[in-house]
Each structure stands twice: as structure tokens, then as C-alpha cells.
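See the structures that follow.
Shared between the two complexes below is chain A, which pairs with chain B and chain C, respectively.
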Partner chain A sequence: MKEQGVPDNRKNNKKAAGIGIALSLAACLFILLLAIRMGSVYISIPDLFKIIGSHITGRPLPAEVDPMADSIFWTIRMPRAITAFLVGGALSVSGAVMQAVLQNPLASSYTLGVSSGASLGAGFVLLCGFSVAGIESFMLPLAGFVFGLLTVALSILLASRIDRSVSNQTIVLIGMILSLFVTGIMNFMMTFYGDRSKQLWLWMTGSFSARNWTHCAILFVVGLIGFVILFMLSGRLDILTFGELQASSMGVEVKKTKITAMLVASLLTGVSVAFAGVIGFIDLAAPHIVRRIFGPSHRIVIPMSFIYGGAFMALCDLAARTVLSPREIPVGAVTALVGAPFFAYVFFAKGRRKV
Partner chain B sequence: MELVLKNVSAGYGREKVIENIDLTVKEGETLFIGGRNGSGKTTLLRVMSGLMDFEGSVTVGGQDISKMKRKNVAQLIALMPQAGEMYFQYTVFQTVLLGRYARSSGLFGSFSDEDREYAKACMQSCGVYEYKDRLLGELSGGQLQRVLLARTYAQGTPFLFLDEPGSNLDIKYRAELCDYLCKWAEKKTSTPYGDIRNTVVAVFHDLGQARSVCSRTVFLKNKKIVADGPSSSVINPEKLQEVYDFDVAGYIGSQVIDH
Partner chain C sequence: MIFETQGEKEMRKKIVSALLCGVMALGCFTACNAENAQKVKELVKNTDVSGLESVEKDIVNSVTGAGVVPTKDRSGNDIKVPSEVNTIVSLAPSTTRVLIDLGLALKIVAVDTNSMAYKDYLPSGVKTFDMMNPDNEAIAALKPDLVFTSGMSSVGGTSPFKSLVDAGICVADIPSSASIADIAEDLKFIGNCTGKGVEAVALATAMDASFKLMSKACESIPAEKRKTVLFMMNIPTSDSPTIYSFGSGTYMDEMLTKIGAKNACASQQGWVSISIEDAVAMNPDVILTNVDYVEDPVKDIKALKGWENVKAVKNNEVYKVDPNLSMQPNNHVVDGALEWLKDIYPDIFTDLSKNLEKALKDTVEKIKGIAGNGTSETTKAAA
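So, the complex of A and B:
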């Protein structure tokens, strides 16, 4: 394909993208190791791998490894770092998809009211002490998850009742109205249970402390299902970014694709919020940075958003627990404090370019 | 294959933009839709491609267009939109390739080498192949217009609906566009529904372009069709005065209207 003097850059582009992906994966693994290793207790890399090896193979721990280190790293730090990674990844994928579906670079699942709904659910549990026997320890994430998804479902339902074509403006407006309304209910509740609102505030600002392997497993399964569905939609998402009318004329079932993508993206956000509280910014920043590096094609943006968002979240959680140790900073505050200036730098340093 | 509109009304909100339209487009025709701003040309094109809600019936080859799968419609009808805001920075090549969506069977929206070759040919005929690796945000209005045109061609449909395809184009590209359309309209396209003769339905503001491409003309005014017939007889000074409320013939001179 050398005619007309136009070089075929496809092979070069593919090679460059391959190198970019490999480097990103390496950096991501490095960050995960860092997030597991750093802290008040030190461990050597070989010892860490011995611990992981013994748990995976089921063999007893080698004698030279301190059993104390085993409990710290295997039961505390690893599940915590991996939970942070999975939550960051899920939030970023969800953000990437919402931005494409709503053709709005500022959109995320939070736009549709996931976070305010989840907070209301958590509020019911924490403030009113509402609980179901047998699953007390999972009441909080469960309520957050269910209320978050219910709010999104209500947003979409209302939007489709008001506007048959479910246009983006309607969805964004309904989502905002519903979010504000739900937050109003929540504030109303807080006036009656003021004494317990500190606990709620802590939950709402996000944390990964005391996460265990069960959390990881649930996140992994839900995350994987959501990821696969959204990845399968990636071609349709590419087309949707050109607007609904064009997408429809190019052969995409717009309404069906949109609603599926929004529900699955909200599922990812819902499960993240359930296990980590409301953590903003990553869902906005990670996809934008990924698009700048790899271009806007969703077959790359979706997996890379997962990797970048996950690594960024693991790093933020590392900062949250180590910078002011032994005091812990809410991880939501770290993502915004670190993320906002970094995001601004990435965006404005080399001249303005759309998305 | 025919595209048939029966008693079609459509609009935005409560306001109807077109009312009780009856229109049949046969395969192989080249149809010009004319009329003043706001006369419902774009709405008519959208209804004809099943992109908006309407009352009445629209059928393609006997099938109700509003009940067909979008993918099947998109294998028959491609609508070139008026260019809008592009938020996501795809390259020219990626954009044109997306036009193959309805015809490609690749998993996860991947495209075959055949699709790539097809997209390449479409880019070449629109003169955008030289900047296939540029981002959409780096293009001028006319370049973007030609990229969208190439993407519309890439759909590989026998029915090509064009909404103001000449806007933003310089005179050379406008001439090339007309030339391309005239040649294309002579050919056939193979579809999952068999070979179908190529059909153009286009909105133009330039009557010269309209005359050079389209042998049939439909004029819209006050939500209705006020003229329908061979371009050579319908485009006459009296009709133009009636449709455009203005002495068009006197304004543009006699080079377009030869009566």
C-alpha cells in the first residue's frame, strides 16, 4: 500500500501500541508490588513470592519466612491492594463507557446517580441500623449496591418515559435531578441521626482498609462479567461517539446498546461503591489519559482504562495509608488531590486538544 | 426494490414538519429534494431512512422500515449526515472504516482486510486518503465533510441519501462529487437482498449540482410535496418562484435553467 506516496502506518501504529501496552502492563505490575510491599512492615521480594506461592500451591510456608509477615501480607495488604486495583479498574471502565454513550467527556456513572443512591442505601444501614439477620457484615455494601443501581434504573426509566428516544440531554438532566433529590432525602435523614453521621461520612469518602479475599472475589467476578459485556460492545461504542443519529444510520441499535452499556457500567460502579465507598475522579481521568496515549478506539480504551485506573487507584491507596501513617487519609481525597493537578497537567501542558 | 412512503407525517415535539407525504423511490433513480430552509428536507431524509418516529408507513422492498433491524436497514440505506461536533479523536481511516460496521461480521467490531481495502477505495474517491492518519479535530470543515462522505460510501449500500453533501466543499470537490455520484448511479450494488441498482436521494442548495446529478426532482413547501417530476421540466422559473418565494431564475441567470 505504497501508492500515492502515502506510507502505510498501520504496522508501525500496531507495533507502537503493542510496546505501549507492554510498558503499561509492566508499570502496573510494578505499582501493585509496590502497593503490597510498602508500609510499616518490610518484606523482601523473594519472601513475598514464597508467601504467595505457599498459598497458591497449598504447601506449608517455608520455615525462613516470618509467620507474622505472612498474616500481614497475605491477609491484609494483598487483598487491600487488589481490591483497590479492581475498584479503580471497574470505575475507569465504567467512566470510559459512559463518556462514549453520552458523548460527553465529563460523564460518568455518577452522573446517573449511582453514588447518591448508594450513599442513601448506606445511610439506611448506618443511620437507621437497618439490617437483615445472617448477612450483617455485608449489609452495607449490599444496600449501597442495590440503592445505587435502583437510582440508575429509575433515571433511565424516567428518561425513557419522558423522551421516547432517550436522548443524552434527558438522561443527564434526569440523573442530576434524581441525584439531588436523593441527596436531599439523605440530608433530611442525617438531621435525625446526627450522632452517627461521622461513620457515614467516612464511608462516603472511600476507604480500602480491612478488605479481605471475599471482597476481592466478588469484585473480580462482577468486574469480569461487566468487562466482557462492555468489551463486546466496543465496536458499537466507537460508532455511538459520532452521535445517535449517525450511529443508527450506520446500523447500531442505539437505544438497546445505550441502555445495556449504561446498566452494565452502573453495575461496575455500583459494586465498586459498595466495597470502597464513593471515590471520584478516577472514572474521569483514567479514560482521558488512556485516549491521549492510545487513541479513542474502545477495543483498546476499555482494557487500558482498567489497567491505568487500577494502577492509579492502587497508588492512591498506598499514599492514603502511608503518607500520614498511622493516620489514614480518605482515598477519595487522595484521588482528587493527586489526580486533579496531574490531569490538568496532562491536558493543558502540551496545548489543548479535544478529549 | 422500491422505497415507498404512504401518508407520512413527522416532526419534532408537537410541531409537524412534513404532513401526509406520499412518495415512491424506485431503484436506479436519482432524486433531488429541494425547498427552502425549514421546509422538511432533512426530516424527510431521516424518515426515509427510518431514523425518526413518524406516522404513516415507510417500506423498503415491502418491509416496514420501523420494524427492520437497524443493521439490515444500514445494509440498504446510508445517510450522510450534516457534520456536527466531534468529541472523540478518531483518525480519518478509523472513521471511514466504521462505515463498514453493518457489512462486517467481525467479532467485537473488528474489521477484515477486505473492509480495509473497501474503506481505502472510498477514501481515495473522496480525496482523503492522503491524510488517513490525521485526527478528525485536525481537519478543515471541507475535509471533515469529505471524510463523512467517504464513511457513507463505505457502508456500500444501493440507496445513498445525502443531506447537503456539497456544503463546505470547494468548487473542485463539488464537481468531483457530482461526477462520482453520476457514475455511481449507473452501477449496481450487491446486497444480502440481491443486486440492486444504485439510487441517490439528495438535498442540494445548489440547483446546478441538483440538475447535474438528479433526473427527478421533488419540491417541498409548507410541509407538503408541491412538485414531483423530471428535473428538466420541474425546475422551471415559475416553479422556482413558487417554491422559493423569490425570482430564482432572474437571480442565477439562465445557465441552470434552460427553458
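So, the complex of A and C:
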């Protein structure tokens, strides 16, 4: 993902942004294709399209394509790469919105306790063996999702009770306190079930392995709904970045917008954490990079955060599964290891910043 | 051996006891020098059982160093084993099983929780401890003569049993062995610490001899018929998608090699975790799994999405194996290898069992001949 140039001239703004968007989309498609193609088994591009074609049209696989390649690509690798893309996109959109709403460049849904809540939920299921017949394999994601959202809801509720204007400081502080508290509960639980802690740790560090098309479908639907709602809020988010006072004087219902945006953003993070574990950094970095390239307008920042975050995540997952193959590196470690220096470069290279 | 039929169980028991008898009565002697062998022959001729016993022990001791009380444990720590060991704490299931095999079950006063798999053989009031988080005070209160620990318990180089050592209790550490040769050394170490050196040598030699028999039987398998085996210690799910297995440099890899199979993960070292995609791409001929936390692991593995075209799944070559045999580095890895052999090359297993049955009969006859009507103590222990 190269920086596509920052247009300074207002006249050329729209045109440059258009080119930038087109280039980004092309790069993103290229990365997705790369992520699907690379791995322990290589495949030729024609074979890849034959496999995809046969599944979409429902026609039997051409005889010259190895059925093993079909299993690996269609059943194992593709859903994985697409899940990574969707999760990366959802996390970045959520990060972009949280940063705007809380007017804090370091804010994310994690600040409000999504991750610690989700971990507590997952830990609860793992340790107590709690399960509902029929959806056993979805118990962890479901519990993670519900607990994650509950924690955020509780954060916002507490913040609005304590501080009627729901100021950003209050929300961030309450979120952090609640996060620590929830983590405390989980550590307390772990003392009793030490032998399960490895499993929980694995879940928390995040992985896209063993994701199937069901995961993709759920992520896609939830992601799409969240994306559309947040995109519709983008005008109001733009105004919010000028400050709450200005925003309310310009007729924006600040409190309502903030709470809606935060809840929907947390929904996106929640579903991502549920399916991929706690993957940090991407929600922080992708929106900042996008703002550097395309400027602060949320009508562009939100969709572009999705594209950039998704592509970056697909790339990180590619690294996670190929660098030490057949071992896998936790993808959260890759996002931070690759992303942090890259982020620092983009952020400080030109000595200019815009949040 | 939870799931095998009574017949198979008997078979395996016979095989092992045949080997044990054979080794004790005959095998050791061939290892001795000519002079000793001559002496033994004379004694056998005169059916001088008590004389035979003493020579046997002497020879075994001189050849193998059995009976020499160790001054260092298997981790290289200095230890001082009491001259008489009457109470033992065993904090690893593999050690517990060896102690039972050596006839020391009644001396065991406490074990780790995993050792309770053998509770039928242990004294009824035996205490249990958490291997990963041992209660040193409670262990010290038992005043055991000897505590066997496994490398498992040490964290970051510090032994969690330091306070026991400071309290003057003999703590002998046996880290998890990486090779079959090391397992033999572990056996001898346990035997020599507990006054059962000869018996331990017998177990070790029997293990070695059995592996030799197996690898000889598998020698003739042509290269193109050698099967690639993926051993799965877990079934991947979306919540924990990594597959745990072993690469080269492990005793389990050696077991596979000895029975003429190829380890799918041989390019990796030690205990490995591999991704689903790589496991599928390995396309193993056979999948073995020791998973016992689900009802039917074979069915679950066959049902894994994307695995339909893996040869093992396509050809119905997914087998469940007994975790207590192969996962614990002790003499029972032989039973484990036999079990794997039965799954991977059933024909060779059948031939081998027939031969062994014959060997068993011959040996029993020979031993009867040597011992006359009386029974020798060593044969009894060995059997």
C-alpha cells in the first residue's frame, strides 16, 4: 500500500482523490488475490479461477484441476483470506469512527472494553464448559460478541449516568476502568482453571485459521449493516470533529449521534473479535493512514478505512501463515510488528499530522 | 488400553512378556563376554537355579551398570539416594507406570493427578498433587525417601521443588525424554534408585529387543509403499485451529521410523504446531490421533471440512490410538508402536504376532527347562 500522494490544490482535489481511490481499490484486489494464491501449496491463476468459477456456477470441477487444490483453496484458504479482509475492514471502520466521535487519536472500541468483555465471555464459556445444543461451535464467538457489546453498553450507560453531557473524557475513563475491572474478573476466574488458560490465550491472540464460509457470511452481513449506518452518519461525524459545541450549534444531536456511532462501531469490533480474537493496532493505524492520504472527510475515510484495513489484515494474515510455515504466528503479533514501524513511517515521515 | 478388545490386549501382553522372558533368560547372556557365557551354560546344564540367579545379576550388573546407585539425576543435579527406599512420590504418569512395572506400586505414597489413570494398581490411600503446581509442604509432610519429578514442573529453569531439596528430601528429576535410548536410560535410572536395577535393565532391554524385532519386520517394506503418517494430538476447531504433532528429534518420531513409516512433520524439529492448510497439503496416507476428549475422534477428523481429499480420509485410514501408551516416555512405547504398526501395516503386525507367539512358546519351554519345578525370582519379576 503506497501512499498515493496528498493533493494540495483544492481544484484537483476531487480528481486526485478519484485516482487515489481507484489505485487503492486495484492494490486491494491485488493483495486479496495474492493472499488467496500464496500459501503452502501454489496454484496457477487459471486454476484458481476455474475453482472459483466451478463453485459459483455450481458446475463440476474441471478434470485437470487437482481436487486437493480445490479443498485447500475453496474450503480452507479463501474463507480465511476473506474473513481476514472483512475483519480488518470492520476493525478499521470502527477505529475511524471511534477516533472521530471521541476526538481522540488513540481511541478505539477496545478502549471501551470490547476486547476485555469479549475475553471474559470466551473465558466464561471455555472454563465453565457452558454450551447450547446446536450451536456448540459458535459458543465462543457468540459469548465474546455478547459480552463485548454488554461491556461497551455498560461503559456508555455508566458514563451517561455520571456525566449527563457524556463528555469524551468520562467515556474513555469509564471504559478503561471497566476494562481493567473485567480483566480482573477474568484473571480471578483463571486462578481456578489454570489448565484452560492456554486455550483462552490462543483465542485472545487471534487467528484466522479454520474460518469457513459461515463465518464469512455472518461477518459480511453484520459488517455491511454497520458500515451502511456509519456511512450515513459520516456527515455528522465530520461536524463532530470540529468540537461538540460547534456541532450542536449546527444542529447535530451530539449525544444521540455519539451513542449510536459508538454502539455500531462496537458492534463491528465485537463481531470481529468474536471471529478472529483480539487483534490490535489495525483499528488505530488504518484510519490515520487513510486520513493522511485522502483528508479528513468521513465520506471517504470510512470506505477507504475499510479497504486499507482489510488489505492490510489480509497481508498480515498471509505473513502469519507463510513466514514460519508450517507453524503459524499469531496474527495480532504480525499486525503490530509490521504495522507499528510502517505506521511510524507514514505518520512522521513528512512531519505533518492531521487527526 | 481402554478401547481394544480383550484378545488384542492379551496378545500384546503375551508379546511383551515373551520378550521379557526371552531377554532375561537368554538375551542378556548373549551380550556378555565369552567367559561368562560359558559359566552360564554350565549352570544351565546343571539346572543350578540359585547359582544362575546370582551370576545373572552379576553379569547384568557388570554389563549394564545396573545396581549402581546414581549420584546425579537425569537432569544432572547432584542427588543422594537413601540406601533403602520405602516411600516414593511420583509426579509423572510415565514414572508411576514404570514403578508399577518394577513391582514398587505399594511403596508409592503420592502421585500427580494424571497418574491416577493407574489408580487400580496404586495403594488405596495414595495422595495426589497437581504436577504443575505441587504443594511442597504437603509432599514434605509425607517424608518420602524419594520424589520423582518430571521436567514438566520446572518453570524458567527454577525447580519448583527447591524447598523440598532444602528440606533434605531426595528429589530425582527425569525430564521428558527425546529418544528411545534416553527412555532406556530413564528406566535404568529409576531402577537403580529403587533397588530394582536388574528388573529395569530387563524392561529396557526388552523394549530395545522389541523395537529391533519390529524394525526388522518392517525392513522389507519397499520405499514406495512406506506410508506417510500425520499424528494429531488435537482436532482443529475454529476456536483452536492449530494442530499439535511431533517432528524429528522426538521419541515418537523414532517410533514411526522403527515401524517403517514416514512422519509427515519430519522436516520440523521437536514438538510442533502446524496450520490446517499445511496439514492438508501434507496429504498423509494415515492419520493417527490420541485425542480422547471427544467420543469419536476418528469420525470428527473424517468430518473436517476441506479434508475430504486427504488420502488418509479418502482411504479410511484414520485411527485412534491409546494416549497412555505412546504419550508417556517409558517402556510402554513398545506397546504404542505395536498398536501403530497394527493400524499402519496390519499384515506385518499379523506376521509379527505369529512369530512372537512361537517365540513365546519356545521361551516358556526353555525357561521351564532351566528352572525345573522351582521358579526363579527374576523370571517372576520379569513376567
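Operating definition for what follows: the second predicted complex is superposed on the first by the 342 of 355 C-alpha atoms of A that agree within 3 Å, B and C clash if a C-alpha of one lies under 4 Å from a C-alpha of the other, contacts with A are read in each partner's own complex, and residues count from 1 in each chain.
Going forward, contacts are C-beta pairs under 8 Å (C-beta built on N, C-alpha and C of every residue); 3 or more make two chains touch, one makes a residue touch a chain.
Since this is a predicted model, take the numbers as computed values, not measurements.
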Touching partner for A:41 - first (chain B), second (chain C), both, neither: second
Which superposed partner A:58 touches (first chain B, second chain C, both, neither): neither
Partner chain in contact with A:203 - chain B first, chain C second, else both or neither: second
A:321 touches, of chain B and chain C: first, second, both or neither? second
Contacts of A:235 with chain B and chain C, given as first, second, both or neither: first
Touched partner set for A:105, first chain B, second chain C, both or neither: first
Residues of chain A touching chain B in the complex: 1, 4, 6, 9, 13, 100, 103-105, 164-165, 231-232, 234-236, 238-239, 241-243, 245-246, 248-254, 291, 295-297, 299, 353-355
For the chain B and chain A complex, residues of the former touching the latter: 46, 49, 51, 53, 69-71, 73-75, 77-79, 81, 84, 86-91, 94-95, 98-99, 101-102, 106, 108-110, 120, 124, 129-130, 132-133, 137, 151, 155
Partner chain A, residues of chain C touching it in the complex: 132-133, 236-242, 265, 268, 272-281, 283, 305-310
Footprint of chain C on chain A - complex, ascending: 39-41, 67-68, 70-72, 74-77, 80, 137, 140-141, 194-195, 199, 202-203, 207, 209-212, 215, 275, 321, 325-328
